[in-house]
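Presented sequentially are two complexes of chain A, the first with chain B as partner and the second with chain C.
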Partner chain A sequence: MKKAIEIKGITKEYKDFTLGEVHAEIPCGFATALIGANGAGKTTLIDILCGVTGKTSGEAEYFGSMTDIDDDSLRNRIGYCSSANFFPMDWTLKTIANSMELGFDNFDRARFAELCKRFKLGDPAAKKQKKLMKLSDGNKMRTYLAAVLARDTELLVLDEPASSLDPLARDLLCDMFREYLSERDGERSVLFSTHNIADMEFATDHAIFMAHGQVIEQGFVEDLKQKYILVHGDGMIADKAKPLMLSFTGNKTSFEGIALAENAEMLRTYDTAIETPTLQQLSVGILRKAEENAEK
Partner chain B sequence: MQKNKTSLTMSQAVKIYIGSGFFKQTLQFTCIMTVIYVVTIAFFFLMICAESGFAAARNEVCESFMSNMFLAIDGGIGVALLSVQTFEKKLPGGKFFRSVKGGFDTYKKARTALVLSVIIGICLYIGIIGALNAVIPFMRYGAATCVSVAVFLLLGVGIVNLISVIKNDLARTLLSFMQMFGISLVGAFTVHITKGELGIVHITAAILAILLIPVSHKLMLASYRKRRWNT
Partner chain C sequence: MKIYQNSSEPIYKQIAAQIREQILTGKLKAGEALPSIRGLAQDLKISVITTMKAYEELSAEGLVTASKGRGYYVNAQDERMLKEQHMRQLEKNLTDAIYSARIAGVGLDEVQQTLETLWNMEE
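The block that comes next holds the complex of A and B.
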């Protein structure tokens, strides 16, 4: 399978946090979600992949052959957007268009105007314009997305794009991902980070789970849903089921958690109910297990 | 390491970073400093005039040290703008600037253009005030003060670059403030002490400024790249 990015042992050392070694793959032609709790290292990894932060060691291979993120021809193929304050707060849509046009070879001003209209942000060519500081957090993020989507790129890398958006805007964002991917079927990819996958579940094909600076699980969502099962049952049998489960929450009356599918037969003998987990349920289970391991 | 030598001009690099081109930025800088100075002097003149009459206002504002002092202070504030235009990664826009084509090379061009813009802006500001003073004298030792303040403001540009190399945030901020109100005032005071004569102090300051600006600029860029560009 073609890979948009192959991450080979990337590390980054800070005084109070260490990322990695991270080994992961971002498949070409799909939307990949980078899922993890706050402080898991998602933003650091994204910033390294986009050349915004330097790495301590390791390498990332882009589009099968490119490794130097400081190479302009590679930067032009990647559309990057950070989670907050991506542009100076005194900028307007017009300033953003002026800057983006010079900063990237593939920025399309007409497309930007079209996206601004679609996101109900106004006209970048209008004389009177609001500064970013006067926009709501949601509209700021819409502006950043319009700017990055107005570039003709092959890979979108977005840090927490949905966190400040309302449910309708999140839905629109999912549609935009689908449009972006289908415009050049199989050639474009999306990587986005999130700590709340629930609203982005239908836009996610592939997932990478991170905790404490490490990748703890990764794979296509459909494969992960076959690898793991959602188990719930009566509190009376919780003690028997618990050793076979990866994550466990419950009380005297009932329990629920994630287990490996290979344990399904055994769990069924304890009279548990087994279902296919949603990505949200998988995330909670996998990340909770990582937290428990870290506490040990 | 950045390998690209972008085809961007310095004016284009500035436009990426601040949204307006080199000439507009220089013109804005000059106009703001000139207007602040003229408004400040006019305000004090009119205030004293209303209280004590025209002669007293003329004496207080023009014959005393006031108009010379404000020429230096306004210029100092202008130079200090350089120390806040650092485009840190954690500040709004910081990550965007690090993602544009050319990377650090584009930053280098933008920052160099901003320094040039301040240097040209200072010369234009002092030139305009000097020309105004030639038509309506309002400064004591006007021409000498203009030359001296300009020289010390340019020295201030070099010092601002050097200050930005300091790691400690508190020390950097304190020194920036001291520079803002200190260096240029020295320029105004020395002319007062020498009673309008330009001398060895000014020649030394001019030579120092000429040497310090490019050297400190290079030091600042090297330090910024190593410690603050993409750490």
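The block that comes next holds the complex of A and C.
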């Protein structure tokens, strides 16, 4: 399968935190979610992949051949948007349009105006303009998204795009992802980070789970849903079921957690309820298991 | 197309079932293209990988063929295969019926009688 990015052993050493080694793949033609708790290393990894932060070692290969993120011809193909203040706070839609046009060959001013309208941000050509600092967090994020989507790119890399958006805007964001992928069937990819996957479930094809600076699981969502099962049971049988489960929480009434699908038959003999997990349930299970391991 | 997002039936199976029915009933004809994987995902507001899995399932059943870089096309359906598909559906429905019978404590004799009555009513 074609890859948008192949991450080969990237590390980053900080005084109090180490990222990696990270080995991961961002498949071409799909939306990949980077899932993890706060402080798991998602932003650090994204910043390294987009050339905002340096790495200590390792390499990333983009679009099958390119490795130098400082190369303009590579940067032109990637639309990056951070969750922090992405533009100076005294900028307006108009100044953003002007500077994006100067900075990138593939910025489409008309498309930017159209996206601003769709996101209900106003008109970048209007005389009266609002400064970014006057906007709500949600509208700031909408502005950044309009700016990045107005460029004709092949890969979107977005750090926590959904966290400041209201439910309607999240739904629109998911639509934008699918539209972006569909416009050039199979040629475009999306990578986004999130610590709350529930709203993005139906726009996620591939998932990379991170905890404590490490990738702990990755794969296509449909494959992961076959690999793991969601298990519920009565508290009475918890002691029997627990050794077969990867994550486990419970009390004397009931328990729940995830297990490998290969243990389904055994768990069924203990009269447990077994279901296909949602991506949200899977994330909770996988991340909880990582926490349990870290405590040991 | 109608999708239940919170059903216990996986979404890819729901999609595959509806396209399968359209092919078996002749609504989708041999040589016709299925919607693009990402276009269908966009229309149904679901992930790309889900529609892809649905198409892969139909492809494994021999109902459609992937044409490299150009999407999926409906295969010519030969009668033998059509019958096999219908048999599979029949077996599935009968399995459901057996399951209901077991829960109700109804024996094979009674199930056969019910089947016969229903069969004659349909005719």
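As a working rule, the second predicted complex is superposed on the first by the 296 of 296 C-alpha atoms of A that agree within 3 Å, B and C clash if a C-alpha of one lies under 4 Å from a C-alpha of the other, contacts with A are read in each partner's own complex, and residues count from 1 in each chain.
Everything below uses one rule, namely that a residue touches a chain if its C-beta (ideal position, glycine included) is under 8 Å from a C-beta of that chain, and two chains touch if they have at least 3 such contacts.
Computed from a predicted model, the values in this text were never measured in an experiment.
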| item | value |
| --- | --- |
| Room on chain A for both chain B and chain C (clash or fit) | fit |
| First (chain B), second (chain C), both or neither touched by A:F220 | second |
| First, second, both or neither for A:A31, with chain B first and chain C second | second |
| First (chain B), second (chain C), both or neither touched by A:F202 | second |
| Which superposed partner A:L49 touches (first chain B, second chain C, both, neither) | neither |
| First (chain B), second (chain C), both or neither touched by A:E179 | second |
| First, second, both or neither for A:T276, with chain B first and chain C second | second |
| Least Cα gap, in Å, left between chain B and chain C after the two complexes are fitted on chain A | 28 |
| Contacts on chain A seen with chain B and repeated with chain C across the two complexes | none |
| Partner chain B, residues of chain A touching it in the complex | 47, 50-54, 68, 70-72, 75-76, 80, 82, 85-89, 91, 95, 98-99, 102-105, 132 |
| For the chain C and chain A complex, residues of the former touching the latter | 5, 8, 10, 12, 36-39, 41-42, 45-50, 53, 69, 71 |
| Chain A-facing residues of chain B, complex | 1-4, 6, 8, 12, 15-19, 89, 91-96, 98-103, 106, 229-231 |
| Residues of chain A defined as touching chain C within the complex | 29-31, 174-175, 178-179, 181-182, 185-186, 201-206, 220-222, 225, 275-276 |
